């Protein structure tokens, strides 16, 4: 793919961001693009690409159906689409090129449920490819990731690479929901070397990080508080106020003590409660997540969070149910692959700076796939592809410098080839 | 109407509860019922019954349209329905019967946006008239009020009452939204004596309260907190957390000091915020209300609430916009009418106990109409019609003892006749 | 006593305010003054006036000893003082004047542990009788009460009153600590009619309230939170933060729902915790009180408060011990006495306005004595003596208009005489 | 000094722990001990050892006077003691031994204002050298530090060390109060190499850390909230509740967002407020500290803390004054000295394990002295002397394994000698 093809594909995906497990158009579009460019040996779509029962953080049926219907209205291959129904998204594309290692590339493809900036200076607005879905946006660059995945696939298909090459188009990264379902599928089991990549991360265009570490272990918690409603004017004392319980919990969640063993995180990212101004709220809800540099630190936060939530409920005479949601481990990039990427990046056009290592300081469910490959005796490496991004990740003005798409394709293609040569 | 007619109408309304400004089926059904029973002199429907621009707390167009469409699917007179489009609900029915005073009766007709109990012991479940709308319920007896209004209208039409009688079927009481739009219409201006009534209020079947006072002045406040999003794992320090601001506000709203001059109330009835577990929440929202025994006490609560909200926002480096919503004054029942009601009730079949006065301890926008009539030199009185109700008002198991429907019709009819005789 | 005598005594007591169970100088000074003016039939001092084991909220020995020593340094009868050692303060003075009822007058004598204003416009500063004790002040007028008690005693002694008259100089009202110890003594048991009085209460000089009701039932709670200390920089996660627990409790105590049955109150009046800025606080403490219009409402607040405190502790992994402190019931003034006081007041020089009834809206352990008398078949009445007071009760600029001292003496003396005449 | 001398001195100091700027007995005892053992060339005591105006966090005069008086009652040289009056504690001892570098050793000497365990298994209880001062304790091992300082001084005096050797017995480390006053004195200006040492820090007996880094920058904040008092029963609405403001501040201080650039800390270590259970609290106070891995991170915490405190006050209609207290920078150990210490430690009897580097993760005002020496072109190094300590630092059961006293003396003496040899 020439650069303009990459840009076209990326912008099309950007226009139609689909959140976790709703990547219907996205998956179908990727598959169409691949099929138009590459002769594949295997193609696994939706339920064949992932292990359905290991999907985490799946939205409810109505939500999935709504997005499915929306995707159907686009000009897209219905045959492909129909395989994804029910929220089985993602794909695995396989090239078999004779003797050699099995190399994997994992890219994630989902958008975020947040509105995109309408500012005229925001490039997608200025250039006319702003999100068509009001409450959704590619605010973390997964549109670019998917595009790079297609680009590398085509480039390897056209190269003299020897071995097997698999690209994992993974759904539902943002909710830590898809990694496990791909890490438990058969497709990953024979991978000898796995590359994963992320764009941006505060690195400028022209910079490559050969090996990213410092993935925070993460776990989601959903708390549902149940009290009793009452007329707020007539009998406030008869209510058991679930919103008071929730507010007390939120305040105290953020104040769980910092830990001297390393970074920890907490966020009560989505909250809601109550039905009417004049009714003491009977129900309230928190979607939270905790993180830690290690699994132990994540568990420290989680057990504290549970105690805070339980007692906030009881304090206001409410019940609470806490559901643990998706969870991802920590991981480390292997030095053998880091060295290869570093060397290849140093020789790639447009790359002006190569950092050998950096810390992510966030979480990623690529760690599930990395861990599986490493447990099976293989190597894994998570690569940063610098891009100038005006707004931060997960903000309304996030955007990528499209020049970096080519850098991503080139460095990853080069690394895959080198891995094969070094075998 | 015989008792079984009252029960039939009430159950039909109960099945199709419609919240404020969405009483499409309800209004049309009431109008149909009246037209089939009474020869009216005037009938004002929707925009003719109220002053549109004085409607308060009107939901957004999409919401209104959705409920309108839903109502259209019922077997109801489309001609009537079409007059209500856009959220202009309610009706005023007028009988002119020669010389005499103009007597008004005000009943409210809206439901609440909360789910009804599914318990088998809940009478509407057992008897098959539970709400057909999942998130809505007649949890405050306005289905009974509307029914009583129709019943009294028919009874007066058949009596030898002399004067003018108007029944005000008022929409949107639950959001303090409809009272003002009826109190500013021409229809109320010539009313000499206004009766309003409420069922239940912790009084048992067979008890009548001749004059209710102690209406709390009320005001709604909507606060929207705006911060800045950020990746909760990667850069928590770059976020400005609107949910933390909201939670701090909620905690401190409830702790505004009690006042020695009389009862005050506060409720953060609906809250929400954030978009995803891994994003520091950029926005959060509170729908709150404050009340006070007097307007001064309500204002004490309101100014404290505003200070709490403003500082909670600033504390977490967020902006906040506070919108004042609907508001209703306090009111008192006039002794002349209280005496009439008390006497009539004492002679009414089925009424075992008459209390002359009681305190509501809640709010009601009937006070707008009462105040208008009193300001014009007339009298007003708010009557309590006891009913055994298993659950409290605004709870999922609220229900009325249908025997009390007849009590309501009889006492109110008797009082209207007596007012005319005493003229 | 002529007015100037009353002023002299009141100012002397004002200069030496002594908080609960530390009224050593105060008691001795009162006794000296009485002995110099009246031939008593009985005088009970300290341990003879009260039931020691029913003293509530007694400070620790060191605190009591310190105030005792301080009192010893004044020019006061050591013989009297020595009877009070250990915190057995207060006195009961008895006149026996033949046939007739036993009439009681209860006045309280303790100061408050708070500093007095140093403002030049504060009368005690301007006139040179500001508190000599830095952290203590007569901020509720008990200096006036004690003075009035002496004045009435002398006036009755000089009158033709027939019957028995007892003045109860009660210690430790401010901590709800002394009422019970006097209500359980033998001296109150034969009282047929009990008067109690309070100055000020937002009534101006020249106004008398014949019967005060609306005493809030009250209960004190002390909570001690215990966590674990840790170095705040080195190992914050090893601490269990008692101050966080306390702060969470305070926030949530004030937000216990208001009750529709009547006024409730809560105050976390004294808090403290921690030892050093760099140590995670191991201990924290709250001295709180709850009140309610009825004992039930007080208990509603108390049980909610306990649940809040318990869960705040557990939320922060701390232990907590809750001690219930002193407690006083509600009470009502009997109409027979209210009528007498009302009539007498109407004829008293200087009294310009008589209110028959008013609500206190606060608490008072005079209710213990009132209840005892009423339980024994007698009557009780709590009288308000208006006085212009520049600052509110319990504030640094509280002061009484000394003109009202004479009003108090005259109305109470008149009422005692009339009770005897009506017998 | 033989080991038993070290133990005797340490236990004597342990028995009489004196908090910051109150180290009267401690300083005098150290000076006496030195004078009995070593022929010094210079000895600077109290105001001659420090720059008085740069003392930070000095307690009030009454507090200082009380501890001074207490020290006077011990059997100690009055001549020395009198030089310390007013809170000018600490000493600098100087040996001049000809040509060579000027080497400094800094040890801190203050105790903590917290009670010591009374448990029989706590060694100071079992062995009879528990603190004689109820609310004070050597809970951080500064008794051991002072002892080691004396031990090294004697050892160097008896060695063939060539150069100048200065021991800085620094007061008031625990409040970050003394470092600046020593770092600005003339005595430190010519130091070429500075060693500082701390015992424990979770390293076991027999372990030496050659160079400790990771000192958190720290700043103290004192906040005084002022509202208005009111009678909590009678007029709760007239109060402006300083304790509510304080509690809101505490809750929100701990929830300042974690920062992705590195560790941060916050602690509201001492809080208090209010005067009586029945008075709405007029005043409240927080002593807090913030820390950060860098000065920028500390300032991030500090500016957030100030905003939280300001808005908590305003939210509850209170005023607040925030005073910034003492503050210390970050610092790093220089490799040249780390190498020397590491080598010497490896050859020292009893040392079983040498770590080259470790992170403190806490704060220390030794950094003031380290920074001064480094700014003047010299080197500085902070050494950890392992000791088995049953309880954590700053807890009631902290104690040192006295065997490690000798390790400290030997390693530091060896390092000082080696520095001279390497010159």
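As written, the chain order gives the labels A, B, C and D, with residue 1 at the start of each chain.
Rule of thumb we're sticking to: contacts are C-beta pairs under 8 Å (C-beta built on N, C-alpha and C of every residue); 3 or more make two chains touch, one makes a residue touch a chain.
Quick caveat: nothing in here was measured; it's all calculated off a predicted structure.
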Homomeric contact chain A-chain D: same or different residue positions, threshold half: same
Rotation in the CA alignment of chain C with chain D, degrees, nearest 5: 180
Mean-CA-position distance for chain D and chain A (Å): 47
Between chain C and chain A, distance of the C-alpha-averaged centres to the nearest whole Å: 66
Touching two or more other chains - residues of chain C: 234-236, 241, 244, 248, 251-252, 254-255, 257-258, 260, 265, 280, 361
Interfacial residue positions of chain A with respect to chain D in the complex: 251-252, 254-255, 257-258, 260, 263-265, 361
Interfacial residue positions of chain C with respect to chain A in the complex: 234-237, 239, 241, 244, 248, 251-252, 255, 257-261, 280, 300, 307-308, 311-312, 314-317
Residue ranges of chain C in contact with chain D within the complex: 112-114, 140, 174-175, 201, 216, 218, 220, 228-236, 238, 241, 243-244, 246-248, 250-251, 254, 265, 267-281, 284, 287-289, 291, 325, 360-363, 392-396
